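Just so it is clear, A, B, C and D label the chains in written order, and each chain counts residues from 1 on its own.
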Amino acid sequence: MTLLAPLAAAGFGLAMIGAALMALRARSTAVAVLAAGLVSLFASVLFLILAAPDVAMTEAAIGSGLTTFLFFYVLGRIRREGYDDD
Amino acid sequence: MTTKFTTRSFVALVLLALLGVAFWTLAAGYTPDAELNRTAAYYAENTARETGAQNIVTAIIVTYRGLDTLGEVTVLFLTAAIVALVLGQSKAPRGGSGSGFLPSGELLQTGTKMLLPIIMLFGAYVFVNGHLTPGGGFQGGAILASGILLLLLAEPKRRFGHALISRVESVSGLVYVLIGIAGIVLAGGFLDNRILPLGTFGALLSAGAIPLIYTLIGLKVGAEFSSILESLEETEDA
Amino acid sequence: MTGPFALIGALIVLAGAAFLFLGGLGLYRMPDSYTRIQAGTKATTLGTLLVLAGAAFLMPGWWIKLMLILLFLMFTNPLSSQVLARAAHRAGIRPAPETRADALADDQGDAS
Amino acid sequence: MVETILIAAAALVALAFVLAMLRFLRGPHAVDRVIGFDVLTIISITGIVLVALVEGRAIYLDVALVYALLSFLGVIVAARYLEGGEE
(Lines give C-alpha, C1' and ligand atoms only; values in the text may rest on other atoms or scores of the structure.)
Protein backbone atom coordinates (compact mmCIF):
# COMPACT_ATOMS: atom_id res chain seq x y z
CA MET A 1 0.00 0.00 0.00
CA THR A 2 2.84 2.39 0.67
CA LEU A 3 4.15 1.93 -2.85
CA LEU A 4 0.77 2.66 -4.44
CA ALA A 5 0.74 6.44 -4.01
CA PRO A 6 4.16 7.18 -5.61
CA LEU A 7 3.33 4.82 -8.50
CA ALA A 8 -0.01 6.51 -9.13
CA ALA A 9 1.63 9.94 -8.87
CA ALA A 10 4.26 8.95 -11.42
CA GLY A 11 1.61 7.55 -13.75
CA PHE A 12 -0.46 10.72 -13.60
CA GLY A 13 2.68 12.81 -14.15
CA LEU A 14 3.50 10.83 -17.30
CA ALA A 15 -0.09 11.17 -18.50
CA MET A 16 0.15 14.94 -17.94
CA ILE A 17 3.25 15.13 -20.11
CA GLY A 18 1.53 13.07 -22.82
CA ALA A 19 -1.57 15.28 -22.80
CA ALA A 20 0.56 18.44 -22.84
CA LEU A 21 2.50 17.20 -25.89
CA MET A 22 -0.82 16.38 -27.50
CA ALA A 23 -2.09 19.91 -26.82
CA LEU A 24 1.01 21.33 -28.49
CA ARG A 25 0.95 19.06 -31.54
CA ALA A 26 -2.79 18.93 -32.25
CA ARG A 27 -3.85 20.37 -35.59
CA SER A 28 -7.42 21.19 -34.64
CA THR A 29 -8.13 23.85 -32.02
CA ALA A 30 -10.89 21.88 -30.34
CA VAL A 31 -8.59 18.90 -29.77
CA ALA A 32 -5.89 21.17 -28.35
CA VAL A 33 -8.40 22.68 -25.91
CA LEU A 34 -9.57 19.21 -24.86
CA ALA A 35 -5.98 18.08 -24.28
CA ALA A 36 -5.24 21.20 -22.23
CA GLY A 37 -8.31 20.42 -20.13
CA LEU A 38 -6.99 16.91 -19.65
CA VAL A 39 -3.68 18.29 -18.35
CA SER A 40 -5.56 20.22 -15.65
CA LEU A 41 -7.66 17.15 -14.87
CA PHE A 42 -4.61 14.96 -14.27
CA ALA A 43 -2.92 17.75 -12.30
CA SER A 44 -5.94 17.84 -10.03
CA VAL A 45 -5.84 14.07 -9.38
CA LEU A 46 -2.13 14.46 -8.71
CA PHE A 47 -2.84 17.16 -6.11
CA LEU A 48 -5.35 14.83 -4.49
CA ILE A 49 -2.83 11.99 -4.31
CA LEU A 50 -0.37 14.44 -2.72
CA ALA A 51 -3.04 15.12 -0.04
CA ALA A 52 -4.12 18.64 -1.04
CA PRO A 53 -7.89 18.36 -1.57
CA ASP A 54 -8.48 22.14 -1.56
CA VAL A 55 -6.05 22.74 -4.39
CA ALA A 56 -7.41 19.71 -6.23
CA MET A 57 -10.95 21.07 -6.08
CA THR A 58 -9.88 24.52 -7.28
CA GLU A 59 -7.92 23.03 -10.15
CA ALA A 60 -10.82 20.77 -11.12
CA ALA A 61 -13.56 23.41 -10.94
CA ILE A 62 -11.71 26.38 -12.41
CA GLY A 63 -8.62 25.09 -14.21
CA SER A 64 -10.18 22.10 -15.89
CA GLY A 65 -13.85 23.07 -15.85
CA LEU A 66 -14.59 26.70 -16.49
CA THR A 67 -11.48 27.39 -18.58
CA THR A 68 -12.34 24.60 -21.01
CA PHE A 69 -15.97 25.69 -21.18
CA LEU A 70 -14.97 29.30 -21.85
CA PHE A 71 -12.58 28.21 -24.59
CA PHE A 72 -15.31 26.25 -26.35
CA TYR A 73 -17.73 29.13 -25.93
CA VAL A 74 -15.30 31.60 -27.47
CA LEU A 75 -14.58 29.14 -30.30
CA GLY A 76 -18.31 28.92 -30.99
CA ARG A 77 -18.61 32.68 -31.03
CA ILE A 78 -15.64 33.04 -33.39
CA ARG A 79 -17.22 30.49 -35.71
CA ARG A 80 -20.51 32.37 -35.67
CA GLU A 81 -18.90 35.70 -36.57
CA GLY A 82 -16.85 34.03 -39.28
CA TYR A 83 -20.01 32.64 -40.86
CA ASP A 84 -21.76 35.99 -40.73
CA ASP A 85 -18.91 37.91 -42.27
CA ASP A 86 -18.68 35.70 -45.33
CA MET B 1 16.71 26.79 -44.60
CA THR B 2 18.16 23.55 -43.38
CA THR B 3 21.23 25.20 -41.80
CA LYS B 4 19.00 27.71 -40.04
CA PHE B 5 16.84 24.89 -38.79
CA THR B 6 19.80 22.96 -37.43
CA THR B 7 21.24 25.98 -35.60
CA ARG B 8 17.85 26.64 -34.11
CA SER B 9 17.46 23.08 -32.97
CA PHE B 10 21.02 23.10 -31.63
CA VAL B 11 20.26 26.19 -29.53
CA ALA B 12 17.05 24.56 -28.33
CA LEU B 13 18.96 21.42 -27.39
CA VAL B 14 21.55 23.40 -25.41
CA LEU B 15 18.79 25.30 -23.62
CA LEU B 16 17.02 22.05 -22.80
CA ALA B 17 20.25 20.56 -21.45
CA LEU B 18 20.85 23.61 -19.27
CA LEU B 19 17.29 23.43 -17.98
CA GLY B 20 17.75 19.73 -17.28
CA VAL B 21 20.96 20.42 -15.31
CA ALA B 22 19.19 23.14 -13.31
CA PHE B 23 16.25 20.90 -12.45
CA TRP B 24 18.53 17.97 -11.68
CA THR B 25 20.54 20.01 -9.16
CA LEU B 26 17.29 21.18 -7.60
CA ALA B 27 15.91 17.65 -7.37
CA ALA B 28 19.17 16.09 -6.18
CA GLY B 29 19.66 18.62 -3.41
CA TYR B 30 16.10 18.26 -2.15
CA THR B 31 15.58 17.16 1.41
CA PRO B 32 12.11 17.28 2.91
CA ASP B 33 11.74 19.73 5.79
CA ALA B 34 11.77 17.99 9.13
CA GLU B 35 9.42 20.56 10.62
CA LEU B 36 7.14 23.38 9.49
CA ASN B 37 8.59 26.85 9.19
CA ARG B 38 7.50 29.50 11.64
CA THR B 39 4.48 30.90 9.78
CA ALA B 40 3.10 27.46 8.92
CA ALA B 41 3.62 26.26 12.48
CA TYR B 42 1.73 29.30 13.77
CA TYR B 43 -1.19 28.59 11.43
CA ALA B 44 -1.23 24.88 12.26
CA GLU B 45 -1.28 25.52 16.00
CA ASN B 46 -3.51 28.53 16.36
CA THR B 47 -6.02 28.44 13.50
CA ALA B 48 -8.54 26.20 15.22
CA ARG B 49 -8.45 28.25 18.42
CA GLU B 50 -8.51 31.70 16.85
CA THR B 51 -11.01 31.24 14.04
CA GLY B 52 -12.90 28.05 14.93
CA ALA B 53 -12.58 26.71 11.38
CA GLN B 54 -11.92 23.04 10.76
CA ASN B 55 -10.35 23.62 7.35
CA ILE B 56 -7.14 25.55 7.93
CA VAL B 57 -6.79 26.52 4.26
CA THR B 58 -10.16 28.26 4.34
CA ALA B 59 -9.30 30.09 7.54
CA ILE B 60 -6.06 31.37 5.99
CA ILE B 61 -7.76 32.46 2.77
CA VAL B 62 -10.71 34.19 4.40
CA THR B 63 -9.26 35.72 7.57
CA TYR B 64 -5.47 35.84 7.75
CA ARG B 65 -5.14 36.64 4.04
CA GLY B 66 -8.61 38.14 3.60
CA LEU B 67 -7.33 41.26 1.89
CA ASP B 68 -5.69 39.16 -0.85
CA THR B 69 -8.99 37.41 -1.44
CA LEU B 70 -10.71 40.76 -1.80
CA GLY B 71 -8.07 41.64 -4.40
CA GLU B 72 -8.70 38.40 -6.30
CA VAL B 73 -12.43 39.03 -6.38
CA THR B 74 -11.71 42.54 -7.66
CA VAL B 75 -9.53 41.15 -10.44
CA LEU B 76 -12.36 38.84 -11.48
CA PHE B 77 -14.77 41.77 -11.43
CA LEU B 78 -12.45 43.78 -13.68
CA THR B 79 -12.18 40.83 -16.08
CA ALA B 80 -15.93 40.52 -16.36
CA ALA B 81 -16.30 44.29 -16.86
CA ILE B 82 -13.61 44.37 -19.56
CA VAL B 83 -15.11 41.41 -21.42
CA ALA B 84 -18.50 43.11 -21.43
CA LEU B 85 -16.92 46.37 -22.58
CA VAL B 86 -14.90 44.84 -25.42
CA LEU B 87 -17.68 42.60 -26.69
CA GLY B 88 -20.28 45.32 -26.37
CA GLN B 89 -18.32 47.51 -28.76
CA SER B 90 -17.69 44.82 -31.35
CA LYS B 91 -19.62 44.90 -34.58
CA ALA B 92 -22.95 43.22 -34.03
CA PRO B 93 -23.71 40.62 -36.73
CA ARG B 94 -27.11 41.35 -38.19
CA GLY B 95 -29.70 38.67 -37.77
CA GLY B 96 -27.30 36.36 -35.98
CA SER B 97 -28.82 33.20 -34.63
CA GLY B 98 -27.76 34.25 -31.15
CA SER B 99 -25.27 31.48 -30.66
CA GLY B 100 -22.66 29.45 -32.43
CA PHE B 101 -24.48 26.29 -31.41
CA LEU B 102 -27.23 24.40 -33.17
CA PRO B 103 -30.59 23.95 -31.44
CA SER B 104 -30.44 21.18 -28.86
CA GLY B 105 -32.45 18.03 -28.47
CA GLU B 106 -35.43 17.39 -26.24
CA LEU B 107 -33.51 15.07 -23.92
CA LEU B 108 -30.94 17.73 -23.12
CA GLN B 109 -33.64 20.31 -22.34
CA THR B 110 -35.54 17.93 -20.05
CA GLY B 111 -32.35 16.78 -18.37
CA THR B 112 -31.30 20.38 -17.81
CA LYS B 113 -34.57 21.12 -16.05
CA MET B 114 -33.94 18.20 -13.70
CA LEU B 115 -30.23 18.74 -13.16
CA LEU B 116 -30.02 22.52 -12.82
CA PRO B 117 -31.45 22.66 -9.26
CA ILE B 118 -29.12 19.84 -8.18
CA ILE B 119 -26.08 21.61 -9.62
CA MET B 120 -27.03 24.92 -7.98
CA LEU B 121 -27.61 23.13 -4.67
CA PHE B 122 -24.23 21.44 -4.92
CA GLY B 123 -22.53 24.77 -5.61
CA ALA B 124 -24.23 26.24 -2.56
CA TYR B 125 -23.12 23.22 -0.50
CA VAL B 126 -19.52 23.72 -1.60
CA PHE B 127 -19.33 27.33 -0.55
CA VAL B 128 -21.42 27.11 2.60
CA ASN B 129 -19.33 24.16 3.85
CA GLY B 130 -16.05 25.88 2.97
CA HIS B 131 -14.86 25.93 6.58
CA LEU B 132 -15.49 22.20 7.08
CA THR B 133 -14.69 20.43 3.80
CA PRO B 134 -12.39 21.26 0.88
CA GLY B 135 -13.77 23.89 -1.41
CA GLY B 136 -15.10 27.34 -0.87
CA GLY B 137 -16.28 30.47 -2.56
CA PHE B 138 -14.28 30.26 -5.76
CA GLN B 139 -15.03 26.62 -6.45
CA GLY B 140 -18.69 26.98 -5.51
CA GLY B 141 -19.00 30.06 -7.68
CA ALA B 142 -17.46 28.17 -10.59
CA ILE B 143 -20.01 25.39 -10.11
CA LEU B 144 -22.88 27.92 -10.07
CA ALA B 145 -21.56 29.39 -13.32
CA SER B 146 -21.36 25.86 -14.76
CA GLY B 147 -25.07 25.49 -14.05
CA ILE B 148 -25.75 28.73 -15.94
CA LEU B 149 -23.58 27.39 -18.76
CA LEU B 150 -25.67 24.22 -18.94
CA LEU B 151 -28.80 26.38 -19.22
CA LEU B 152 -27.24 28.41 -22.04
CA LEU B 153 -26.20 25.23 -23.84
CA ALA B 154 -29.58 23.58 -23.57
CA GLU B 155 -31.55 26.58 -24.77
CA PRO B 156 -29.36 28.85 -26.87
CA LYS B 157 -32.25 31.16 -27.65
CA ARG B 158 -32.98 31.78 -23.99
CA ARG B 159 -32.48 35.31 -22.73
CA PHE B 160 -32.32 35.87 -19.02
CA GLY B 161 -31.95 38.84 -16.80
CA HIS B 162 -28.83 40.93 -16.83
CA ALA B 163 -30.41 42.88 -14.01
CA LEU B 164 -30.60 39.98 -11.56
CA ILE B 165 -27.02 38.86 -12.14
CA SER B 166 -25.49 42.31 -11.89
CA ARG B 167 -27.57 43.08 -8.83
CA VAL B 168 -26.47 39.87 -7.07
CA GLU B 169 -22.88 40.72 -7.89
CA SER B 170 -23.03 44.32 -6.66
CA VAL B 171 -24.91 43.54 -3.46
CA SER B 172 -22.66 40.64 -2.49
CA GLY B 173 -19.52 42.68 -3.16
CA LEU B 174 -20.85 45.57 -1.11
CA VAL B 175 -21.85 43.38 1.83
CA TYR B 176 -18.44 41.67 1.68
CA VAL B 177 -16.66 45.01 2.14
CA LEU B 178 -19.17 46.07 4.83
CA ILE B 179 -18.43 42.88 6.80
CA GLY B 180 -14.74 43.68 6.51
CA ILE B 181 -15.33 47.17 7.92
CA ALA B 182 -17.51 45.69 10.68
CA GLY B 183 -14.46 43.60 11.56
CA ILE B 184 -12.49 46.82 12.19
CA VAL B 185 -15.25 48.25 14.38
CA LEU B 186 -16.35 45.19 16.35
CA ALA B 187 -13.26 42.94 16.39
CA GLY B 188 -9.54 42.93 15.76
CA GLY B 189 -9.21 44.26 12.23
CA PHE B 190 -10.37 44.31 8.63
CA LEU B 191 -12.22 41.08 7.73
CA ASP B 192 -11.85 39.65 11.24
CA ASN B 193 -14.29 36.76 11.47
CA ARG B 194 -14.99 37.16 15.18
CA ILE B 195 -17.86 39.62 14.70
CA LEU B 196 -20.11 36.59 15.10
CA PRO B 197 -19.77 33.94 17.83
CA LEU B 198 -17.35 31.15 16.93
CA GLY B 199 -19.84 28.43 17.81
CA THR B 200 -19.04 24.77 18.35
CA PHE B 201 -16.03 23.46 16.46
CA GLY B 202 -17.04 21.49 13.39
CA ALA B 203 -20.70 22.57 13.23
CA LEU B 204 -22.18 24.19 10.14
CA LEU B 205 -22.86 27.53 11.80
CA SER B 206 -19.47 28.01 13.36
CA ALA B 207 -16.21 29.83 12.71
CA GLY B 208 -17.77 33.28 13.06
CA ALA B 209 -18.31 35.11 9.81
CA ILE B 210 -16.42 32.64 7.58
CA PRO B 211 -19.51 30.87 6.15
CA LEU B 212 -21.15 34.25 5.53
CA ILE B 213 -18.08 35.68 3.80
CA TYR B 214 -17.61 32.56 1.69
CA THR B 215 -21.26 32.58 0.67
CA LEU B 216 -20.88 36.17 -0.50
CA ILE B 217 -17.66 35.35 -2.37
CA GLY B 218 -19.37 32.36 -3.99
CA LEU B 219 -22.34 34.42 -5.15
CA LYS B 220 -20.05 37.14 -6.45
CA VAL B 221 -17.73 34.77 -8.33
CA GLY B 222 -20.69 32.87 -9.78
CA ALA B 223 -22.31 36.10 -10.94
CA GLU B 224 -19.07 37.33 -12.48
CA PHE B 225 -18.43 34.13 -14.45
CA SER B 226 -22.07 34.05 -15.51
CA SER B 227 -21.89 37.61 -16.76
CA ILE B 228 -18.78 36.73 -18.81
CA LEU B 229 -20.64 33.80 -20.40
CA GLU B 230 -23.70 35.95 -20.91
CA SER B 231 -21.79 38.70 -22.68
CA LEU B 232 -20.17 36.09 -24.91
CA GLU B 233 -23.61 34.80 -25.69
CA GLU B 234 -25.71 37.82 -26.39
CA THR B 235 -23.74 40.96 -27.07
CA GLU B 236 -25.19 41.15 -30.56
CA ASP B 237 -28.30 42.51 -28.88
CA ALA B 238 -26.41 45.50 -27.57
CA MET C 1 -11.59 -0.80 6.29
CA THR C 2 -12.82 -3.57 8.49
CA GLY C 3 -16.24 -4.92 9.21
CA PRO C 4 -18.30 -7.93 8.34
CA PHE C 5 -18.81 -6.89 4.74
CA ALA C 6 -15.25 -5.83 3.93
CA LEU C 7 -14.51 -8.88 1.78
CA ILE C 8 -17.80 -8.58 -0.13
CA GLY C 9 -17.13 -4.88 -0.70
CA ALA C 10 -13.63 -5.53 -2.01
CA LEU C 11 -14.97 -8.17 -4.41
CA ILE C 12 -17.61 -5.75 -5.70
CA VAL C 13 -14.90 -3.14 -6.20
CA LEU C 14 -12.89 -5.70 -8.15
CA ALA C 15 -15.90 -6.52 -10.34
CA GLY C 16 -16.36 -2.80 -11.03
CA ALA C 17 -12.70 -2.48 -11.96
CA ALA C 18 -13.08 -5.42 -14.33
CA PHE C 19 -16.02 -3.70 -16.06
CA LEU C 20 -13.96 -0.51 -16.31
CA PHE C 21 -11.15 -2.48 -17.93
CA LEU C 22 -13.59 -4.06 -20.39
CA GLY C 23 -14.95 -0.62 -21.20
CA GLY C 24 -11.45 0.66 -21.87
CA LEU C 25 -10.71 -2.37 -24.05
CA GLY C 26 -13.90 -1.82 -26.02
CA LEU C 27 -13.09 1.86 -26.38
CA TYR C 28 -9.77 0.92 -27.88
CA ARG C 29 -10.90 -1.96 -30.10
CA MET C 30 -14.29 -0.92 -31.49
CA PRO C 31 -14.42 0.03 -35.17
CA ASP C 32 -16.31 3.35 -35.28
CA SER C 33 -17.39 6.26 -33.07
CA TYR C 34 -20.90 5.00 -32.32
CA THR C 35 -19.77 1.63 -31.02
CA ARG C 36 -17.02 3.37 -29.05
CA ILE C 37 -19.68 5.50 -27.37
CA GLN C 38 -21.47 2.27 -26.35
CA ALA C 39 -18.32 0.76 -24.86
CA GLY C 40 -17.05 3.98 -23.37
CA THR C 41 -20.19 5.01 -21.52
CA LYS C 42 -22.28 1.97 -20.67
CA ALA C 43 -19.53 -0.32 -19.42
CA THR C 44 -17.66 2.38 -17.55
CA THR C 45 -20.87 3.65 -15.93
CA LEU C 46 -21.63 0.17 -14.61
CA GLY C 47 -18.03 -0.20 -13.47
CA THR C 48 -18.05 3.09 -11.59
CA LEU C 49 -21.41 2.30 -9.98
CA LEU C 50 -20.06 -1.05 -8.78
CA VAL C 51 -16.91 0.56 -7.39
CA LEU C 52 -19.01 3.11 -5.51
CA ALA C 53 -21.30 0.38 -4.13
CA GLY C 54 -18.29 -1.65 -3.05
CA ALA C 55 -16.81 1.39 -1.33
CA ALA C 56 -20.11 1.76 0.55
CA PHE C 57 -19.66 -1.82 1.81
CA LEU C 58 -16.06 -1.14 2.82
CA MET C 59 -16.78 2.14 4.57
CA PRO C 60 -20.41 2.03 5.79
CA GLY C 61 -20.21 5.57 7.19
CA TRP C 62 -19.74 7.12 3.76
CA TRP C 63 -22.85 5.83 2.10
CA ILE C 64 -24.65 9.17 1.80
CA LYS C 65 -21.92 10.83 -0.24
CA LEU C 66 -21.33 7.70 -2.30
CA MET C 67 -25.04 7.48 -3.01
CA LEU C 68 -25.04 11.13 -4.14
CA ILE C 69 -22.18 10.52 -6.58
CA LEU C 70 -23.94 7.38 -7.80
CA LEU C 71 -27.25 9.16 -8.41
CA PHE C 72 -25.51 12.04 -10.14
CA LEU C 73 -23.64 9.70 -12.45
CA MET C 74 -26.83 7.80 -13.24
CA PHE C 75 -28.48 11.07 -14.26
CA THR C 76 -25.66 12.56 -16.24
CA ASN C 77 -23.87 9.76 -18.07
CA PRO C 78 -26.75 8.64 -20.33
CA LEU C 79 -27.49 12.28 -21.14
CA SER C 80 -23.92 13.08 -22.13
CA SER C 81 -23.60 9.93 -24.24
CA GLN C 82 -26.83 10.80 -26.06
CA VAL C 83 -25.64 14.34 -26.79
CA LEU C 84 -22.31 12.94 -27.94
CA ALA C 85 -23.90 10.42 -30.30
CA ARG C 86 -26.10 13.15 -31.72
CA ALA C 87 -23.05 15.34 -32.24
CA ALA C 88 -21.26 12.50 -34.02
CA HIS C 89 -24.27 12.09 -36.29
CA ARG C 90 -24.52 15.81 -37.01
CA ALA C 91 -20.79 16.04 -37.65
CA GLY C 92 -21.37 13.49 -40.39
CA ILE C 93 -19.33 10.57 -39.12
CA ARG C 94 -19.95 7.45 -41.20
CA PRO C 95 -20.79 4.33 -39.18
CA ALA C 96 -18.80 1.16 -39.75
CA PRO C 97 -19.74 -0.79 -42.90
CA GLU C 98 -21.39 -3.53 -40.83
CA THR C 99 -24.05 -1.12 -39.55
CA ARG C 100 -27.49 -1.93 -40.97
CA ALA C 101 -29.87 0.74 -39.68
CA ASP C 102 -29.69 4.50 -39.07
CA ALA C 103 -32.90 5.41 -37.27
CA LEU C 104 -32.04 9.08 -36.74
CA ALA C 105 -31.45 9.64 -40.46
CA ASP C 106 -34.74 7.81 -41.19
CA ASP C 107 -36.52 10.10 -38.74
CA GLN C 108 -35.12 13.24 -40.26
CA GLY C 109 -35.94 11.96 -43.69
CA ASP C 110 -32.60 12.80 -45.24
CA ALA C 111 -29.46 10.83 -45.78
CA SER C 112 -26.85 13.17 -44.38
CA MET D 1 -6.84 -10.17 1.71
CA VAL D 2 -8.94 -7.04 1.24
CA GLU D 3 -5.86 -4.99 0.45
CA THR D 4 -4.66 -7.50 -2.16
CA ILE D 5 -8.03 -7.38 -3.91
CA LEU D 6 -7.98 -3.58 -3.86
CA ILE D 7 -4.50 -3.52 -5.37
CA ALA D 8 -5.68 -5.85 -8.14
CA ALA D 9 -8.64 -3.53 -8.74
CA ALA D 10 -6.29 -0.54 -8.91
CA ALA D 11 -4.14 -2.36 -11.48
CA LEU D 12 -7.20 -3.07 -13.64
CA VAL D 13 -8.27 0.58 -13.41
CA ALA D 14 -4.76 1.64 -14.42
CA LEU D 15 -4.94 -0.63 -17.48
CA ALA D 16 -8.29 0.86 -18.45
CA PHE D 17 -6.73 4.32 -18.01
CA VAL D 18 -3.88 3.45 -20.37
CA LEU D 19 -6.31 2.13 -23.01
CA ALA D 20 -8.51 5.23 -22.81
CA MET D 21 -5.42 7.44 -23.02
CA LEU D 22 -4.31 5.57 -26.15
CA ARG D 23 -7.73 6.13 -27.69
CA PHE D 24 -7.47 9.82 -26.83
CA LEU D 25 -4.05 10.07 -28.45
CA ARG D 26 -5.00 8.13 -31.58
CA GLY D 27 -8.68 8.92 -32.12
CA PRO D 28 -9.20 9.58 -35.82
CA HIS D 29 -12.03 12.08 -35.32
CA ALA D 30 -12.45 14.74 -32.64
CA VAL D 31 -15.58 12.96 -31.39
CA ASP D 32 -13.45 9.91 -30.57
CA ARG D 33 -11.22 12.12 -28.49
CA VAL D 34 -14.23 13.51 -26.64
CA ILE D 35 -15.29 9.94 -25.81
CA GLY D 36 -11.76 9.31 -24.56
CA PHE D 37 -11.99 12.45 -22.42
CA ASP D 38 -15.28 11.27 -20.93
CA VAL D 39 -13.91 7.83 -20.10
CA LEU D 40 -10.75 9.32 -18.61
CA THR D 41 -12.78 11.54 -16.25
CA ILE D 42 -14.98 8.60 -15.23
CA ILE D 43 -11.89 6.48 -14.55
CA SER D 44 -10.45 9.39 -12.55
CA ILE D 45 -13.60 9.34 -10.37
CA THR D 46 -12.92 5.68 -9.64
CA GLY D 47 -9.29 6.52 -8.92
CA ILE D 48 -10.36 9.22 -6.47
CA VAL D 49 -12.68 6.78 -4.68
CA LEU D 50 -9.81 4.27 -4.44
CA VAL D 51 -7.48 6.96 -3.07
CA ALA D 52 -10.13 7.93 -0.53
CA LEU D 53 -10.49 4.26 0.51
CA VAL D 54 -6.74 3.82 0.91
CA GLU D 55 -6.27 7.07 2.83
CA GLY D 56 -9.51 6.64 4.73
CA ARG D 57 -10.62 10.26 4.25
CA ALA D 58 -14.24 10.86 3.30
CA ILE D 59 -13.67 14.50 2.32
CA TYR D 60 -11.95 13.39 -0.87
CA LEU D 61 -15.36 12.30 -2.14
CA ASP D 62 -16.38 15.95 -2.58
CA VAL D 63 -13.74 16.23 -5.26
CA ALA D 64 -15.22 13.15 -6.94
CA LEU D 65 -18.60 14.91 -7.08
CA VAL D 66 -17.00 17.93 -8.76
CA TYR D 67 -15.47 15.51 -11.25
CA ALA D 68 -18.81 13.92 -12.07
CA LEU D 69 -20.20 17.38 -12.79
CA LEU D 70 -17.17 18.27 -14.91
CA SER D 71 -17.19 15.17 -17.07
CA PHE D 72 -20.85 15.77 -17.85
CA LEU D 73 -20.54 19.47 -18.67
CA GLY D 74 -17.23 19.14 -20.50
CA VAL D 75 -18.60 16.44 -22.78
CA ILE D 76 -21.76 18.41 -23.47
CA VAL D 77 -19.88 21.63 -24.29
CA ALA D 78 -17.44 19.82 -26.57
CA ALA D 79 -20.19 17.86 -28.29
CA ARG D 80 -22.34 20.94 -28.83
CA TYR D 81 -19.35 22.66 -30.37
CA LEU D 82 -18.37 19.75 -32.58
CA GLU D 83 -21.86 19.14 -33.97
CA GLY D 84 -21.56 22.44 -35.81
CA GLY D 85 -18.75 20.86 -37.77
CA GLU D 86 -15.04 21.08 -37.14
CA GLU D 87 -13.18 23.51 -39.33
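By definition in this document, contacts are C-beta pairs under 8 Å (C-beta built on N, C-alpha and C of every residue); 3 or more make two chains touch, one makes a residue touch a chain.
In this text, all values refer to a predicted model and were calculated from it rather than measured experimentally.
Novice: Hey, which chain ends up farthest from chain A, C-alpha centres compared?
Specialist: Max centre-to-centre separation from chain A belongs to C.
Novice: Report the pair of chains linked by the most C-beta pairs in contact.
Specialist: C-D
Novice: Just curious, how far off is chain D from chain B if you go by their C-alpha centres, in Å?
Specialist: Result: the chain centres lie 24 Å from each other.
Novice: Could you give the separation in Å between the centres of chain B and chain C, each centre being the mean of its C-alpha atoms?
Specialist: Using C-alpha averages as centres, the distance is 31 Å.
Novice: Whole-Å distance, chain A centre to chain D centre, using C-alpha means?
Specialist: 12
Novice: Give me the residue numbers in chain B that touch at least two other chains, ranges are fine.
Specialist: Counting only residues that touch two or more other chains, chain B contributes 100-102, 104, 108, 126, 134-135, 139, 143, 146, 149.
Novice: Could you check chain A for residues that touch two or more other chains and list them?
Specialist: 53, 56-57, 61, 65, 69, 73, 75-76, 79
Novice: In chain C, what residues contact two or more other chains?
Specialist: In chain C, 72, 76, 79, 83, 86, 90 touch at least two other chains.
Novice: For this structure, give each pair of chains that are touching.
Specialist: So the chains that touch one another pair up as A-B, A-D, B-C, B-D, C-D.
Novice: So in the complex, which bits of chain A are touching chain B?
Specialist: Answer in residue numbers: 53-54, 56-58, 61-62, 65-66, 69-70, 73-81, 84-85.
Novice: Could you please specify the touching residues of chain D with respect to chain A in the complex?
Specialist: Residues of chain D touching chain A: 3, 7, 10, 14, 17, 21, 24-25, 30, 33-34, 37, 40-41, 44, 47-48, 51, 54-55, 57, 59-60, 62-63, 66-67, 69-70, 73-74, 77-78, 80-82, 84, 86-87.
Novice: With touch defined as at the start, can you tell me which chain C residues reach chain B in the complex?
Specialist: Against chain B, the touching part of chain C is residues 72, 75-76, 79, 82-83, 86, 90.
Novice: Could you list, by residue number, the parts of chain D that touch chain C in their complex?
Specialist: 1-3, 5-6, 8-10, 12-13, 15-20, 22-23, 29-32, 34-36, 38-39, 42-43, 45-46, 49-50, 52-53, 56, 58, 61-62, 64-65, 68-69, 71-72, 75-76, 79-80, 82-86
Novice: Which residues of chain D touch chain B once you look at their complex with the stated criterion?
Specialist: Per the touch definition, chain D meets chain B at residues 59, 62-63, 65-66, 69-70, 73, 76-77, 80-81, 83-84.
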